Structure formats: structure tokens, C-alpha cells
Amino acid sequence: MKAGSNLEKILEAGHFAFTGELGPPRGSNADEVREKAEFLKGNVDSVNITDNQTAMVRMSSWAASIIAIQAGLEPNYQMVCRDRNRLAMQSDILGAYALGVRNMLCLSGDHQQFGDHPQALGVFDIDSMQLINMAKTMRDEGKFLGGADIEEPPKLFIGAASNPFAEPFDWRVHRLAKKISAGVDFIQTQCIYNMEKFREFVKRANDMGLLEKVYLLAGVTPMKSVGMAKYMKSKVPGMDVPDEIIKRLQGAEKGKVADEGIKIACEQIEEFKELKGIAGVHLMAIEWEHMVPEIAERAGVLPRPEV
Amino acid sequence: MIVAKRKPIDEIKDLLKDYKKVLNVGCGTCVAVCLTGGEKEVDVLCAELDMARKMDDNPVDIEGTTIERQCDREYLEALDSKVEGYEAILSMACGAGIQFLAERYPEIPVLPAVDTTFIGVNQGVGWYEERCRSCSSCVLGMTGGVCPVTMCAKGLYNGPCGGTNDGSCEIKKEQPCAWYMIYERLEKQGRLDCIINFKPAQNWENQVPRTLIQPGYEKPE
Amino acid sequence: MKPSSDWNKDLGIKFTMQDPCQIVRKSFGDPIAEDLRYALKAVVGEENFIDMQPNKSNNYCCGGGGGFLQSGMKEHRLTYGKIKDDQIQATGAPYVVAGCHNCHAQIHELSEHYGGHYKVIHFWTILALSLGVLGPNEREYLGDDLKEVDVFHPESAL
Amino acid sequence: MILSPGTKPYDPSGLDNLGYGKYPNVVTSDGFERILSAGGPYFGHVMRPLDREEPKSIAWLQCVGSRDTNTCGNGYCSSVCCMYAVKEAMIAKEHIHGDLDCVVFNMDMRTFGKDYEKYFLRARDKEGVRFEKARVHTITEDTETGDLNIKYADETGEMKEETFSMVVLSVGMTIPDSAVELAKKLGIDLNHYNFAKSDPFKPVETSKSGIYTCGVFQGPKDIPGSVTEASAAACLAGADLSESRGIDTPVVEVPEQKDIAGDDPRIGVFVCNCGINIGGVVDVPAVQEYAATLPNVVFADSNLFTCSQDTQEKIKEMIIDHNLNRVVVASCSPKTHEAMFMETLEACGLNRYLFEMANIRNQNSWIHSKTPEIATKKAKDLVRMAVARSTTLKPLNEKVITVNQSALVIGGGIAGMNSALNLGKQGFEVVLVEKDDVLGGMSLNLHHTIEGNAVRPYIEQLIEEVNAHEKVEVLTGAKVSAFGGYKGNFTTEVITGQDGEKRSIDHGAIVVATGAKEYKPTEYLYGEDDRVVTQVELGNILEEKGAADLDTVVMIQCVGSRNDEMQECSRICCQNAVKNALHIKKLNPDAQVFVLYRDIRTYGLMEDFYKEARELGVIFMRFDKDAPPEVAAGKDGLSISVKDHIMQQNVSIEADMLVLSAGMRAENTDELSGVMKLNRNPEGYFMEAHVKLRPVDMPGEGIFLCGTAHAPKLISETISQAQAAASRATTFLANSEIKLSAITAKVDVDHCVKCLTCVRSCPFQVPTFNTEEKVLEIDEAMCHGCGVCACVCPRQTIQLSFYEDDQLSCKIDALMAGGI
Amino acid sequence: MAEAAIKLGGKKKSIFMDKVKEILPQGNLSLCLTCGLCSSGCPATGLESMDPRKFLRMVALGMDDEILASDWPWCCTMCQRCVRVCPMQIDIPQLIFNIRKARPREDRPKGIRDSCDAAMKTETLSAMGTSVEDFIFVVEDVLEEYQESQPEFADMQAPIDKKGAEFFLNQNSREPVTEPDEMVPLWKILHLAGADWTYGSKAWTGENYCLFIADTDNWEKITRAQAAMTTELGCKTYLNTE
């Protein structure tokens, strides 16, 4: 055990993991976090607490993580490289760990031009790969990036993201390998819609023996509407939405499009359960947290195992 | 080459509003080549200011001169005899030149007429692109000659972020993804191994004022 | 006998002339139109002749020809003749000399229909008048201004 | 012998319905030209003859004395009236200070020349000139006001009535009796309209060998056409005489140049009255008097016409008498007269560049005609500026270079072959470069001209002649790959054959004859239904299969022309449609042919064929650009719907073939024009130096243009332009050396920072970085003197001789210094 | 206007144009430039929503039924103002005449037809139906009256059937019936001029309505009768007062 978090335990035990996501509010109301947490509690093994996602200012992810803990959830504390230099990052890691955080996810972060402060200086002192490595060094070697010893090193279960679809495709597996060598413990992927390409990615990762070294959680986001599918296809960078998905949603009965979206997601989850090297699913039902119980139910991942 | 762009006339006017006698000094090197601060631009700015101030009923006595380089002491000497009697000096050189001028004439306010933009290349008449951010630790050797610091919007050292989008950067479609370019070029050269390995955190030297003494040289007493 | 226009010197009664298509444009052309003017001017005085615009070979048909008068399409015929009426009224002349019976009948009707109240006469009527040989019964188409005019012509009187 | 007796405007006084000669305010178009002219009766003020009042409205009546076999017997179209009517309307609007309502009453607007359609659209859409598809039967006058009343039936048949201040009769062109007599004396044949009879393949040759003709005597045409034919006639006549070229040529003796170095400026100022053009507004004596007071001026004078021959003599005397070393003429634009005045200086041993002009006419008296006092003041300012500049002028020397007396012709179609052949006949070596493997170009797809002459035998004979000519070398399958040099000394690299053999050709002149092609329609089911064909394809079908199986054929005009994508008219499609319609009717008189058109543009003598087509029962229907025909394909035929312009009712035609009169498109010359730096207009046609006066010269000296590379045109017009290009090239090549202008850019290499901005900015790619000497160089033989480099140089190290910075800024200083 | 479209094309049909071409061998109807000069100068433009150009166009497009149905040919006075300026000298009036003729006689305007028929019923050819006897009576009666009332014209004559007279004078048929005095000024002028003239007792009429109704046979009959009468009397000049 590296960190002893619930998520780590679930994965270690060989269970099919099921994680969720929770976006902190654009305000200081802790109840908002608690409300969302209610829907997730008992339905997921761990919940990602996003860090100023889409470069919009929100409640800090470590604070929201603490509220999540209080609400009975295990947070997966996200950290992006955009807003902090290496000093701030390390001190936040220390503080979060001190208050009970056990998982963290290392990300580059959306460019500040997208958000509500396009004039901001993007820090990017270190990149996500270097963040992974820094967290691992802090945990395993008990050293800060500058080399000094840490009195009580933070023992975090270290995650990162992976996009199996971005061009050049050939390079994707190597990128995964690089993250593994940087020290990542688990990977949550980008939302998957193009199953064919994903299968190819998984195959290549298995061939290189990578999925024995890391837990891969497949990213799933159910489509709420045809409009959302089209938006994801054309507007969201790195997203690969095949036309069949859009056609399938268009073919759904009136008022049943969201249902069809959930159905697609559940079919995916069923397949992931059987796919070699897939350790679980990361469900990103952002601003749709109230549907998580139903989705989890329909995906057949309930009840969550106790470990 | 250092690329600069001239400040808007209103901003320059505002900087100069309290001075009646101004010397406008151009620089004959980088800013001349990038069409910002050579003889021609000095003349144009003088004429513009002369006219604008007349219209404002606040005439200014402005004279223009251009020296070879404002970042070389020897060339600044030519100005020594000229600056006498001027209430302010306007410099059309890069930030380095402006500071060097200010340092030489500490009694006279030296004001910038241009914004120094970047180190870049000339793509066509009046069209320049940034190519270097003088980070002090060049990685171009492993990145196929594409600078990840300058060309990647996030300055990433270990490959692209999740926003890479069919060869474009997430900030806009027209901006190529630096890491996509790096991959393509290295793949062609058969050197993908250059970026397989983890590159540890950067030692950011450009955060402090730097001094450089070439090997075999010494700082003069 | 030489016709004279002296009778109209003081009266100053104005005359215009319809150039019948059949005689002018379709038969003898401008020369006969010139002859007709020559003759009319000799009888009423050069200054008392006012031409329509356009005239001679380019004159407008009055609308009485081609059987139009008998075709039963009166409204159309009067619409057609509006141009002629406008032309005549524009001259301001109270008399139109028309050398064609169709023109005569049509212009007569136009004068009444459009209220121009000009008179349309045969050339011979005014010629006879100028020669001093026009009797009272032969003045059916003349207006009051000419009903009583008795021209003394030395040759016809003696 | 070259016959160019010219034309006489048709005299409309015999038309009693139009009132010319009777109503003073009805004028002919040539009369109206006089009214518009600065040298005309009203000195350029537009006034009507009756009362010298400015007109409020003017109507133009088209086709007076043209296209009419009834009232005037001139069945031809005079070709120029539509365009000049538009022009007159535009100029009248410009000259009149208030609103002027201009209406052009017409049957068809025939603006078929290069860029003419755009001009017409500008007049209509921007300047508000009205174009009424109607004709006026009779003009009558309001005797009180002198205004003119007209009634007309508009296209829908509705009667309209309007009153105009003036009416202009757009009279056509006729051949004067004297020309007919001359032709009889010379024994040359005339056609039924008394134009000189010519063959479409020999457009400027008369029936008698050795006698050539050009201009309107050959057939109605505009100025560019006439100028082109003049050169063509000169070409053929010159070829006959080529052996004796250069004999008995008088040489102008120029005295040795005086050295004025170190002398103080002694300036003479000559102020011009320009008749009353300047003198009528500006107080010329006052300007003269003022000029005399300016620094360094030792003599000032004024003249009625400073450009006259007498005045040149007078200026020469004054230069000598007063020992002048600078001359300033205050008159008109240097564009027209500067060269002449410079010669006057040279004739007295003064360097020609010691001359300066002040334009006190175009830039002053013309535009300030209403405020003479201000105009006089401005004239003084302009003279003061010119005097200030003249003081700074320096003698400049012109470089003399030798000319390589051979030519390169690019394009082996009718145009290229004719110009190559004629250059060969003039005794010059010619290389003819054709990109295809065979000569002939577009003409290989054509069968006969509208006159009925067979194209193929002509082409075959021409190819044979070209191949056989000892002076002409033909390179087929050849592509221009590189180009360099300057006028008189070009070097072109050509790649030939499949193995891509490179060949470098040195030559002194270039003829561009790259041709054009038929537009590939995307409209009206073309390419989707094989019953829809183009006129060229129809020509082939008729040639191969005849017309026996055709019951109904519909043709649509202006496909790919005169639309938003291609504003220009393709010039040849109307005659093409008429030609093919006649062909169908002759092969199968029972076939019905419908031509759907916008304006029928069978200009010149081709109007006869339009008439013949109507006579044979071809139906012509006009449609509006915004309501084009609709085409639907059925199993048994095509159904074409359109509104008949006369019935104002929809017509549906069941046809077995639809023929699209696809316009012309310039050949793709992107690569060539890039390599050779030749300018093209937005439509891709090459640009001539002056649309009217230099229609076959290109802007660069020693480069000439002909055929459809210039603009769409007929075979006959192509041939005469090709001969003209040969003629113009001959004029250039005949001299073994030429003098270059001294107005060139010079770079101060010591100061230059080698930023290469001049290299990048020069439109002619003249500045180069000499990698051996490590300096920037501008070759004065290649420099066009445009001054772009001097403007962009950030360190101001480039100066344009005669226009150096201080030679310009001194004028501004002089202006700002005031003085009066 | 949502009119039905004119159908054209297909196999060539025999159309009116061809018929007219047979009658008018110069066949220049199809030369029309559709310029509209004819319509601009025609007072009948607009009547029956028609004008000369439109009418000619219907012929060119083979709209035979519409042509025959139109009343517009009876609005055209065949004044020839159109032909005069037509650049192609197209004889529209001639076309109109042929179209009038193409209509069944009973469908042509009754007023004109009646006048033609009336003329054909009497030797005088008078559209008013005046008989030889009535005409002679009126002329003699009026003459007598004037000879008496105006003594200066006591020896004035109004001869009828005077053989060998220089002039054969015709007479509009309305005047002897409705306004006989209107005949007199002309008699007086001829008298004063010393002209040797005569009326015919037959065929004295000036008008010819059979022409207007396009009854070519009777038109010819009238004209021939007028010529025959003049010849019979040996007159040298036919004086037309019509």
C-alpha cells in the first residue's frame, strides 16, 4: 500500500473501481458541495474534486475535498499546473494530506485564455508529468523537489489523466508509459466515445505490459442530448465522438434522448468490465450528480464493495 | 532579432505632455529592421507629435536623430553633445536600449516610444513571429528545433496537454500544437527517443537579472 | 382669284391642321402637308396657323380611321383619340382643319367628349369664307366668331 | 498604302421624329462631346444650347443611325455608342454640380469591351444612371421652356412620359462619301455598307495586295480596336518593307551638355494660360509677376499655350538669353507634357532633369473654377513649391544599353503564331513557346467563323508557315520556368519535353499570347444531363451529326459571364450563339431555336447575322439577371421556363437540347505571371499599359500582349492584335540600343542595415543582396523608378534620383513657409 | 399574375406567322428586334392590354388562338406610324389587316360590316344606302336653291355623269343625306376656279368600308366600280374628297 486510500484498496483487491466527479461551487457555500456529495455517497469509491476547471475561479479543490470528507466521501484531490508554482503546490499537498486527503490527480490544466481571467499569468512552473514525479518523490523519498527532507512525507495515491484519442495516436501509449515512469499509480482517461480506437489503445498498452504497472480507469460521460454530443464532437479539443453515437441519439424517441445516453454509457461500462487491463470506470456526470445513483444502478456497479 | 512595436500615439503624447523640448532617438539595428524605430519611423513620429501637439495648442519642439545602436556605449557618445537643453528623451529602441540611454543621462527623463515584444523572425514585410523566450537553458536539441517554451501555450516540457487537438493548440485552431510539431519532426528524423524519457523540472534562470561574461573575458574594472 | 387672309388680320383666329394619315403619311408625304399649310396660311394668315406637335408625316392618327368609327368600340376610340385631343388643345387653336371625313368625325367627337370645344372644318369651308363666297347655311361647323364674318373679296364681289 | 479615312457621325437631321436641327436642346453625341470638352463651346461647363442653362436631366437615345435598315439603311451596329453614352452620362454627372438625371434609352446595352461591363455597372448601380429598355418614337418640344417631352412604352408595354432638359442622339458611324470615292479610285472592294471588304483571317488587308486598312473604315470599332488595327496595318506594311528598314532616318542633333556645377541657380518660370483653361480662372499675370519675385528666379513669362511649338522656340531663346540653368513650367500634368519640355531643355544643352512642372490646371483651375481668387493663391503656392524644388535639382545621366534584337512569344495559338510569324517576316529571330504538344490553342475546337470561313484549313496553313519560317523556332510542350533581365535583355528559362530539358533563351522583347478557354458551367444541369452542352460542344455536334434530329434547341446566354462571380462580358458568346443558331437553321429549317439572352451583343457588322437569325425564325427572349431561366430534365426532353420579356408571361419550352453560351475564362497563368512578374486583372487577363492608347503594350517596356490573354475576342480581332503586337515589338527591337530613364533608386551601402525590406517590397524584384560583396544592390537598368523602396527603407538609405527626400520635402517647406 | 405559361417547343407547328409569310412574301415580321419603337408611338398602346409589339410577339410565338380572339386589331387604325420608324420596317398594319381577315366575317364588327353590306346593295356604293335617284335629286335640289338664293352663283353647276369632264369628284355619302349644304363650298370653289368636273350617278361614293372589314372581294368590287365609272365618263382625274 502506498497511501492506503479506499480507492487504492478497491483496486488492490481487484474490484472494478467506480469513481465520480464533483465540481466545487463558484462561491463559498459549503452546502453546495454537501448537496452534490449526497448523490455520490455510497455510489462511488472516490470522487474527483476539480481544480478551477475550465480556468474559472471556484472554491479551492483542497477545501472542497475536506468538505467531501466531512460528508462521508473519499476525495480525489485534483491539482493543475496553471495556477501555482512548485512551492505552492508542495505546501498544498502537505496541507491536504494533513487534513485527510489520500488521492490526488495531477493535471496541466486548461489554458487561462478559456476562463474568466484570460489576462492572468499562466504559471506552468512545472508540467503535469513533473508534478506526478514531485508527488512521488515527496511520498517515496520524503524529499521536496528542492532536495530537502520532509519531516512527515505525504502518502498520496497519485493519479493522472490520459487522452487515448489525441493525434498522433501512435504516441499515446508512449505518453502513458512516460507517466508511469514519472511515477503515476492510476490513470483516468478522457471521456470515451470511440470504442474502437479505445480498444486499440488498450491493446497496445497491454502489449507493452503497461496496464500491469498502472490502474486504468476508463472515462465515461453519458450524453444528455444531441446538442451536447455535437458540441463535444466539434468544440471540445481532444474529444472523439463518432457519428454513430450522434445518430443513435437522434434516433431516440422524443424525451428519451438522455435515457439513450445513459444506455450507451452502461453498455460501455459492461464492456469495460470485461476488457483486460481496465481496472474501473471514472464517471464524469458533471452538473448531473443527481443521476449518478441511477446510472450506477443501471451500470450494475452497486453496491460498492467494502474494503 | 528583437521585435518591438510602436506605442499608440495617445500613450506617447501622455508620456510627453509636460515637456516642451524633446529629443526622439531611434536605433539603427533591430528596431530599424522590424520597421519600428529607424530613421523613417523617427521622422514619422516626430511629424505626428508635432502635428498632434499643435492641434492640442501645446506645441512641442521635437527633434529626431537615429544612432547605430542604443545598446552600445560607443554609439551613445554621439548623443552626449546633443541632449543638452532637452527636457526629455524619447527612445524608439528596445527595452535594453531605453534603459541604457536612461542610465547614461540620469538627469533627463528617458521615455519609451515602443513596446518591446519578443525575439523573433521576419516572415515578410512588417510580419514577425516570436521564436525565443531567452530561458537560458535551451532544449531545442531534444525537441527537434521546436521550442516548447515559446511555442507551447503552457510551456510544457513533457509532451502536450490534453487540449492538443489534431495538431492545433487548445487556445486557437490556427496555433499549431508545439508538441505535435515536435513529434512530427522527430518522427521524420527517427529521433522519437528524445522525448520518451521524463524531463525533470526546469531550472528557471530568467527569473533574475542576468549577467554574461564570455569565457576568456573578464568584467572590466 | 387669289385667296386673302386679310379678313383674319384683326380677328386673329387661330387654326391648326390635322394631317390625315391617308393623305400625308400613307400617300403623298410631307410635300402635300407643306402644300396644305401653304394653302391654309394663305387663307388664315401665316401668324394664325399653329402646328400640332408632332405633325406632317409623323402626325398622330386621330383614331377615326381603319373602321374604328364603325367598329362599336367607342371607349377605346376615345382613349385612342386622347393624344389627338391633347395635341389640339396644346395649340390653343379653336379651329382644326381636317382634310378627311374620318378625321372630321373623330375630332368633332373628341372636341365634345373632352370638352375642348374646338371646331373642326373642311378646308374648302374656310377657303370659301376667305373668298367671300360662303353662305350662311354653309357655316354649320363654324363657331359663333365666324358665323357672321362676311369677307369682301373684290373678285368675287364684282 | 494604309487606308484609314475614318468615319463620319451619322447625320440625324433627316429624322423628323427626333427634332434634331429643329429643337436646339436635341444634340448629337458628338455635339455633346464638344459640350463636355474644356476646349468646347462652353469650356467644359455642361449647358444646353438653347439658354445656356445647366440641364437637370438628359436622355440618350441609342441606335440613331445604326441597326436600322429602314430610316437610315445602316444595318450594322456602330459598336461604340453604348459605351460612349455611358461615359457621357458619367462625365455629365461629374461636371454638373447638382443632381443630374441621366437616362439611356436602348435596345441592348453593348458594353462588351474589356472592363466595359464594370463601367456600365458602376454607372448604373453607383452613379444612378438609368438604363431604360425602351425606344422613343418622337421627341416634342415644350415651346416655352425648351424642355423636351418624350413618351415611350417600357418593357412591360406601359406608356411612360418624361421631360428632359436635353436629349442626346447617340449617332452611329458612317463611311464618308469621300472615302467611298477614294476606294473606287484605288479599286478596292467595299461591302454593302461601304466598309472596306476584309477577310476574318486577314482583318486589315483590303482586296488589293499592298493596300491595308485600319480603324472604322474596316468596320465599326472603338479606340483600342482602332489603335490595335493601326499597329497591325503598320506591321503588314512594315513586313513588305523590312529590308529597307533604317534607311533615310533623320537623326536629331543634340548640343553638348553645359556643365552647371557650382553655378548659382538661375531659374526661368513659364506660366501657361492654357487657352482659358487656366487663364479663365487664375490671374495668370499676377502669378507670373509673383514668380519673378521668388528667390533665384531670373526670368518669368506667360503664354497662351506653353506646349505649342512656338513657345518651345521662345523657351529655348529665353534659356540662352537669360543663361537659365533651371526651368519651371506652370501648366498642366507632367504626365502629358513633361517629356516634351525636357527635350526643349536638351535642345539648348541643358540637362533634361533640370526641369520642374507645377500643375496649376488639373489640380487647380479645373477644381477651383468657382473660386478664382483662391485658385490664384493656390497657383502661386504651387509655383513657389516648384521653384523651391527646381533649386535642388541636379543633372542626371541616362544609361544606354544594347538591345538583344530577338523576341520570345509565349503561347502558340492563333495570336502567338501570328505575332511570331510577323516578327519573323520583319526579320527578327523569334522563339515561340507553347505549353501543349501541338500548336493551335483554343482554335483547334472551332470550325468556322460567323462569316462562314473554315477555321481548320486556316490553322493548318498557319502552323505550316510558322514551322517553315527560318526565323521562327517553335518549342512545344514547353513551360517557362525562370525569368530574369530587363527590357532589351531578357533571359527566359524554358523546360521542354518529357525529360524536362532546360533551355535558356536570351531575347529583347516578349509577346504574351497565352490565350483563354471556355468556361466550364456549373449552371443549368451542365455535366448532370448530357443534353446540356456548351456552344463549343454544339459546334462539334453540328459538325459531326448535323441537326436532323433536333426539333427544338434552347440557348442560354451569359452563362459564367456578367454575373456576381464574373462581372465582365465575354464578348464573343452572342455571335457564337447566332452563328450556331444559323447553322442549325440551315441544316434543318424546321428546327426551332430559342435564344434566351440579356443583351444581344452582335456588335459591328455581325448585326447582319443577328438579323438573319431572326429572319430565319430564331426566337430571342430577354431575361433578367435576377430571374434566370429554370431548367428541368424530363425523360423525353428538357423543360426550360423563362419569362418572355414582351408578353411578360412565363414561357415553358420543351427542348431536346440546351446550349449554354459559356463565357470565356483566362487561361491559368498563375505560375507564368508569378515567374515573369506580369500583372493581371482580377479576372486573370493580362493588363495593357493603357486601355485606350496602348492596348497591346504591357506596362513593362519591351513586353507586348495579344489575343485572348488580353481579353475575350474574336479570331479576326485576335489576328489583328497579334499583328499589332508584332508591330510594337518591331518598333522596340529595331533600335540596337535604348536609353534608360535616370530616375532610379540608389542605395547608400554604408548606412544600410540590410533589413531586406526593399527586397521584399519591390514590385519588380530589383533590389538584391549581393552575397559576395555583402551589400544591397539596385540595378539601375532594371529599376522602374517607382520609389517604393525609397519609401519603405527604415533607415532612409535609399534615394530615388530626381525625387530625393530633400527634393520633395523642400516643396512642403516652401508651402508651409507661406509667402504671399 | 399567375397566368398559365405559354407552351413552346417540341415539333414545329404550322403557325400564323407562316400563313402571313405566304401572303407577305417579303416576310419580314420575324425581324422584330422587340425594341418597342412601334408601341412608343402608337395611340392604341394599352388598349385591350395590348400594343403593336406584343401583338407581333404573339404571332412570332405562334399564339394563334389568342391572336384571333383579340379585339385589338379593330383598335388599330392602320395609320402606319409604327412602320415609319420601325428599324426593320415591319408592316404591322398589313399584319393587322390579315388578322382581321382571318376572323370569320360574321365575327367582325357589325358596324363596319353593315356599312360594307349597305354599299354593296346599291349602285352608288353609298354606305348610307343612297340610291342613284335620291343622289341626283339632292344635288339638283341644293344647286337650284343656291342658284336662286345667291345670285352671284346663278350659273354655278353641279354636273352628274358629264362625259369628258376633267375631274371626277367623289362624295362622302353622309353629306347628301345629313348635311347637303356642306357640299356647296367645294362646288363654289370649283366654279370660281373654272374647273370642269362631274359627279357620277353611280359609284360616286368616297368611302370603302369593305376595306376596313377586310372583305377583300367587295373592297375590290367597290374600287373597280369607282374606276370603271371614271373611265366610262372619260374623266382624266379622280378627285378624292374623302
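Letters A, B, C, D and E name the chains as they come in the text, with residue numbers starting at 1 for each one.
Everything that follows uses one rule, which is that contacts are C-beta pairs under 8 Å (C-beta built on N, C-alpha and C of every residue); 3 or more make two chains touch, one makes a residue touch a chain.
Model, not experiment: these values are computed from the prediction.
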Omitting chain B while every other chain stays put - resulting connected groups: A | C, D, E
Touching chain A and also chain C, the following chains: none
Central chain of the complex, centres being mean CA coordinates: D
Chain pair, D-E or B-D, that carries the greater number of C-beta contacts: D-E
Maximum centroid distance from chain E, chain identifier (CA atoms): A
Centroid distance [mean C-alpha coordinates] between chain E and chain B, Å: 100
Centre-to-centre distance between chain D and chain B (centres being mean Cα positions), rounded to whole Å: 51
For chain A paired with chain B, centre-to-centre distance based on mean C-alpha positions, whole Å: 41
Centroid spacing, where centroids are CA-atom means, of chain A and chain D in whole angstrom: 72
Set of chain B residues in contact with two or more other chains: none
Touching two or more other chains - residue numbers and ranges from chain A: none
Chain E residues counted as touching two or more neighbouring chains: 46, 81, 84
Full enumeration of touching chain pairs: A-B, B-D, C-D, C-E, D-E
Of chain B, residues touching chain A in the complex: 153-168, 170-171, 180, 183-184, 187, 192, 196-202, 204
Complex contacts: residues of chain B adjacent to chain D: 28-29, 32-35, 38-41, 43, 66, 122, 124-125
In the complex, chain E residues that touch chain C: 43-44, 46-48, 71, 74-81, 84, 109-112, 114-115, 146, 149-150, 152-153, 172, 174, 179, 181-182, 184-186, 188-189, 192-193, 206-207, 209, 211-213, 241-242
Contacting residues of chain C [partner chain D, same complex]: 30, 53-54, 56-58
Partner chain C, residues of chain D touching it in the complex: 16-17, 138, 140-141
